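The following pair of complexes shares a single chain, chain A, combined with chain B in the former and chain C in the latter.
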Partner chain A sequence: MTGNKNTFEELEEALKFGWSLLDDLNFQYISDWKNDNPSRQAIGYFPIYVPREIIHAAGMLPVGLFGGGSHLQVIKGDAYFQSYICHLPRSVIEMALDGNYADIDGFIFPSICDVIRNLSGVFKIIIPGKFIKYLDYPQNFDWGVGGEFYSLELWKLQQELFELNGIQVSSRDLNHSIILYNKNRRLISQLQNIRSATPWKISTADFYAVMRAGYVISVEDHNNYLENVITLLGQIECEPEDKIRVIITGSFCEQPPMGMIKTIENAGCYIVDDDFQLGAMWIVGDIIDVSNDPMQALARAYLEQRVLSSSVYDSDGSKGNFLARLVKKHKADGVIFCAPSFCDPALLDRPELEKTMDKYHIKHISFRYHENLGQFQVIKEQVGTFSDSIKLWA
Partner chain B sequence: MNTTFKSMPNQASLQVQKENSMVKQKQMLSQHFMELSQVKETGKKVVYTFVPGNLIELILSFDMLPVYPEINALQSGMRKKSRDYIRSAEDAGYSEDVCAYVKCDIGMMLSGNIGPTGQQLPSPDLLLLSYTGCFVFMKWFENLQRLYNGVPIAMLHIPYQVNGGIESNMVEYVKNQLKTEVIPKLEQVSGKKFDATRLRQMMNLSSNAEDLMVKVFESAKHTPSPIDAYFGGVYYVGPIFTAFRGTDGCVDYYQELLSEVEERIDAGQGPISPEGAIDEKYRLVVEGPPNWTHFREFWKIFYDLGAVFVASSYTRVGGVYDEGFRHSAQDPLGSLAKYCMGCYTNLSLPMRIDMLARLLKEYKADGLLINSIKSCNSFSAGQLVIMRELENRLGIPVGFIESDLVDPRYYSYSNIKNRLDSFFQMLDQRKMFAVT
Partner chain C sequence: MIYTIGIDVGSSFIKTILMSYGETPIILEKINDKIHKRNPSTVIEHAMDTVLEKQGLKYEDVSYVASTGEGELVKRKKGHFYGMTTHAKGAHYYFPEVSTVLDLGSLFCRAIKVGRDARVLKYTMTGQCASGSGQFLENITRYLGLNLSDVGTLSLKSKHPERPSGVCAVLAETDVINMVSRGVKIEDIIKGIHLTIANRVVRLLSRLKAESPVVLTGGMALNLGLVAAIKETIDVRNMNLEVITNEYSPLAGAVGAALWGGYRYLKLAEA
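Moving on to the complex of A and B:
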């Protein structure tokens, strides 16, 4: 390990900031942000993707909501959902009923699955009077068909936000927001490249915390934060360990417990790519930021620059090949299919993806998790065996 | 008008009562499956599609034949074949957590695709993914497309009724998809040009059948109800939900059915169960699909107690006709769009609650039963909130049971019976208080 001692301390401090946000289920950052100007409003959105630029341009704070993770003991939430429904909506309900979302002025539910769709209706009932928006994404990707529909949906969203805070958004405002989020995506991509090239410099658990901060703090703050972490990582050197390189896929919207990510890493894997927090990297490349019609630019980006996801119609069956290309790009030794329990979209993608991996002789394993899973021994053994088998026999 | 058959599988000693309309429906289905088995000779093209929001008039207007994987799955469940099919799919990598309809269908396909009549079903020439009220439909057909090695697929995305109604841009979006995606692919696969006049004629026939079907279901407002709108209802919706809307045969079927229902009203008779007329003691509304693997046993719990379902949400997954919707010859594509968006599972949770509240009141029900299905998040996510809301709003007893569509591993007779015993005790107590 080489580098200035202060650099390591600074990096550790920076990472701690990300972890503190991740651990804070009461969103102190949002309270502070609103205290700076009491007229400010925060809009929560559920996984996976929401065009945050529109919320930001309206002077609001977009806040990504992922449930309670492993920190929250769910009691009330279990009374709202049957045992065979995924875990995320339970902790979301728990937090809504316990007042954790008190500083959030409205909620957007993206159209990603039946559970999140119906959760929007549950919210309308349990917290009447709050702004609740279900955002329908087109599954038709022709500009004249799906694009027209989606543009109008986005326009309606903007109008609804205007009704909340009375701030009229100009094209210039929206272009400015697009510029900031383009920068955010570029910085995340840069950080991702560092992780892939030198995964011994930043663990995926830490990488996750740095990314996740962007779901709470403002994009301006997150950009500064990312720049700082990237700079610090550039100033250190560490020795690689004897680990295999893996890609994790299938996490969809419910996030894995941090203990699980650490377990995979400790069991002999460098995670060189994953689809946790997919929404942050949903749009690949920059969105046009100089247009007279930035709303159209956002709609086009969804149609033409989106990543492949379990919630979006895959018309030509290219998901498997996409994953195989990622394996090649990141020089991965194998793939871990790791999906939340009872997640139809992710779990129904898995068989065909596994077949594609077999076709390319890419090694893979699979297991399921839920966000507050507390026992990792089985996963440790499974991943450890996977890692050993690749090291010994590949 | 009743005909007695001795045809219930494994229960040959029981006299199963069937009415002429049931016989007629069976003939229609036999004819349909016969046509499917002959496509190699006739050259007819086969479209796989889903029940909710289906475009059957459009498919038939191209002389194509529909296959409904959901119907195949439920038939497999009723014929006790679903367990093996589900295991086959799980052996092929499908998780035990996911929708059993998908696994049953894929398992059936992997096992030779033998349909309900014992004949092999033809492979699809087109997958028509009319995506109404269920995200799993999309994943299902993505999987089928790979399994059938790149068969053409037409996607019809249906926006969700989130704001309590259908907005004009939603209609335009669906119509645009019909014009640019669905009809061109139907033309391409069938080799025929779209015939708007023929479609209009079919829309008229659909509308006639829908008028009759609404009368059948609204007959349950009588006391005693002449129909069971859940266990009987799944037969009553068969022709209109599946392969026959837009045909003369469908209209004939509902005329026959309505005349049988009217006869029972005149005779003051309750619905016909497999063991004869039910003496109505409880009037119930039910939310959620039935269990298919133990359909008869499940129904028997209710008819033995004189419990009649006077309305159900499940019979509205293929269209909400009692609220006024009709397919329209004046605006065929627009009405197809509205039809797709109006199906029950495409309604927001508050809309579903309002509808159930209306049914409970209009049909003078004693209580609500929720059959929560493990496989169907579209129905199940939010049902506990539906239960609380309706209890609070109407002060009615609500029973909550859990089972599955076609996975027999999730059907527990004793658990269901225990919960239903408590539910019926609540209903009895309430009736007793009402009397005193």
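Moving on to the complex of A and C:
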């Protein structure tokens, strides 16, 4: 490792900040933010994607909610959902009932799967009186059909937020928010490029924590944070280890436990790309930020610039080819299909994706997890042998 | 000259090998250090420094430091290899004719079918219960006030072994307490434990459809009582397997890591 000792210490401090937010299930940052801004609201949203620009333009703080991960033991949440669905809804219900979301003034449930749809209904029952919004997305990407529908959905969302705080959002306000989030996506993309090119400089676990901070802190703060981390990474040099390069896919909604990410990295892999926290990178490239109708710009971006994901309808098999292109782009040695147990979108896509990987002779393994998984021995074995098989026998 | 270091980080011992890698790899130094309430990272660093110092080498002279086991504790490493891969390679180094490796570790045991090129073909391993592991044996030895290095020869003196539960470590410990209360001879208790462990690992061999020769590796591979119990159990089951071990067997993981490290160093240099 080379670089100024202070640089390493600064980087460590910066990463610690991300981890502290990740570990804080009581959202102290939001509490502080509300104390500083008593007239403003925090709006929680669930995975995967929500157009945060609209919330931000309304003067509110968008807060990404993922559940308690491995920090939380779910007891009450189990009473609300059957055992054969994913872990995420049970976890967020537990947190809601325990008062972890006390500082959050409203919740948006984007359309991902039936479970999240039902979760919005459950929230109406368990947190009566709070703003609860089920946000539907188009599965038809023709502007005349899906575009019209989605524009109307976004307009309705804006009106509902107006009813909450009485702030009328102008095109200029929304364009300003788009500018900030465009910058945010560019910075994340820059950080992602650093990870892909030099994964020995920043582990995926740390990368995750830095990115995840953006789901809690304001976009302005997150942009500063990202710039700081990127600058510090540019000032250090580290020796690469002899590891294989892998892409992880299937973890876009319920997030994997940090222990699992670390296990994969310790078992001999550099994770050079993944779909964790996919919402922050859902839109590829910049959204037009000088339009007279920024709402339409947001809707068009969803239709025309979205990333390919299992939660979006795809009839022509382009998701498999997209993944194969990612493998090539990141010079990956293999793919790890890693989906939460009972995640219908990810698990239904998996056989087709595996077939495509086989077609291109891309090596792959697969396993499942749930967000509070604590035992990683089996995953360690699977990934360790996968890594060795590529390093020694490929 | 290509120097490699292999470090096998186990839960009780840290095994370190310094190797001169070439057409005929030679082990220059070896350390098998018990962690014993120390910080494992400190033990690792000390072992690395010691093997290098003994050969008058510096860290920079080493082409590849390879870890295996709990490799994340090895800070100054180039690469990590999975335990099965390294045990297979280490066993193959001493016994090129090896067909099966039986890794008798501290936390679990594994039976590994090995190809001619030291490739892992198939494996089975014990579950999460500790009753068939070295750690269990170590605990019982401590409770009985014995020295771990003496239990092998002590076990060989047994005439009437008494077996504890083979299912659960907690039940087995209770069984041992009862045996002590009943006045069962210490050597019969130890032999009974060896037979219980042997029974579990021979079942692994049976499941794997193991072939001869079976090379023992891991921390318990030099325990004479356990080796005798494994051979006895194999005979009782008419499995017709030859079991072999040597003084380097507990170091097989570290040896394998050092060997694979050398292989990777050359492969990366070619690329």
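Rule of thumb we're sticking to: the second predicted complex is superposed on the first by the 394 of 394 C-alpha atoms of A that agree within 3 Å, B and C clash if a C-alpha of one lies under 4 Å from a C-alpha of the other, contacts with A are read in each partner's own complex, and residues count from 1 in each chain.
Just so we're on the same page, a contact is a pair of C-beta atoms (placed from the backbone, for glycine too) under 8 Å apart; a residue touches a chain by one contact, two chains touch by 3 or more.
Keep in mind that what you see is a predicted model, and the values were worked out from it rather than measured.
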Room on chain A for both chain B and chain C (clash or fit): fit
Touched partner set for A:A267, first chain B, second chain C, both or neither: second
Degrees between the directions from chain A toward chain B and toward chain C, using C-alpha centres, nearest 10: 100
Partner chain in contact with A:E381 - chain B first, chain C second, else both or neither: second
Partner chain(s) touched by A:P89 [first = chain B, second = chain C, both, neither]: first
Chain B or chain C, by number of chain A residues touched: B
Touched partner set for A:E12, first chain B, second chain C, both or neither: neither
Contacts of A:D32 with chain B and chain C, given as first, second, both or neither: neither
First, second, both or neither for A:E237, with chain B first and chain C second: neither
Superposed arrangement (fit on chain A Cα atoms) - minimum chain B/chain C Cα distance in Å: 20
Residues of chain A contacting chain B in one complex and chain C in the other: none
Of chain A, residues touching chain C in the complex: 241-243, 262, 266-268, 377, 381, 384-385, 387-388, 391-393
Residues of chain A defined as touching chain B within the complex: 79-82, 84-85, 89, 111-115, 117-122, 124-126, 134, 136, 138-140, 142, 144-146, 148-149, 152, 310-311, 313-315, 317, 339, 341-345, 347-352, 354-355, 368
Contact footprint of chain A on chain C as seen in their complex: 64, 71-72, 77-85, 119-120, 128, 260, 263-264, 268
Chain A-facing residues of chain B, complex: 92-95, 97-99, 102, 129, 131, 134-136, 138-140, 142-143, 145-146, 150, 153, 155, 157, 159-160, 162, 169-170, 172-173, 176-177, 180-181, 348-350, 352-353, 372, 374, 377-378, 380-385, 389, 402
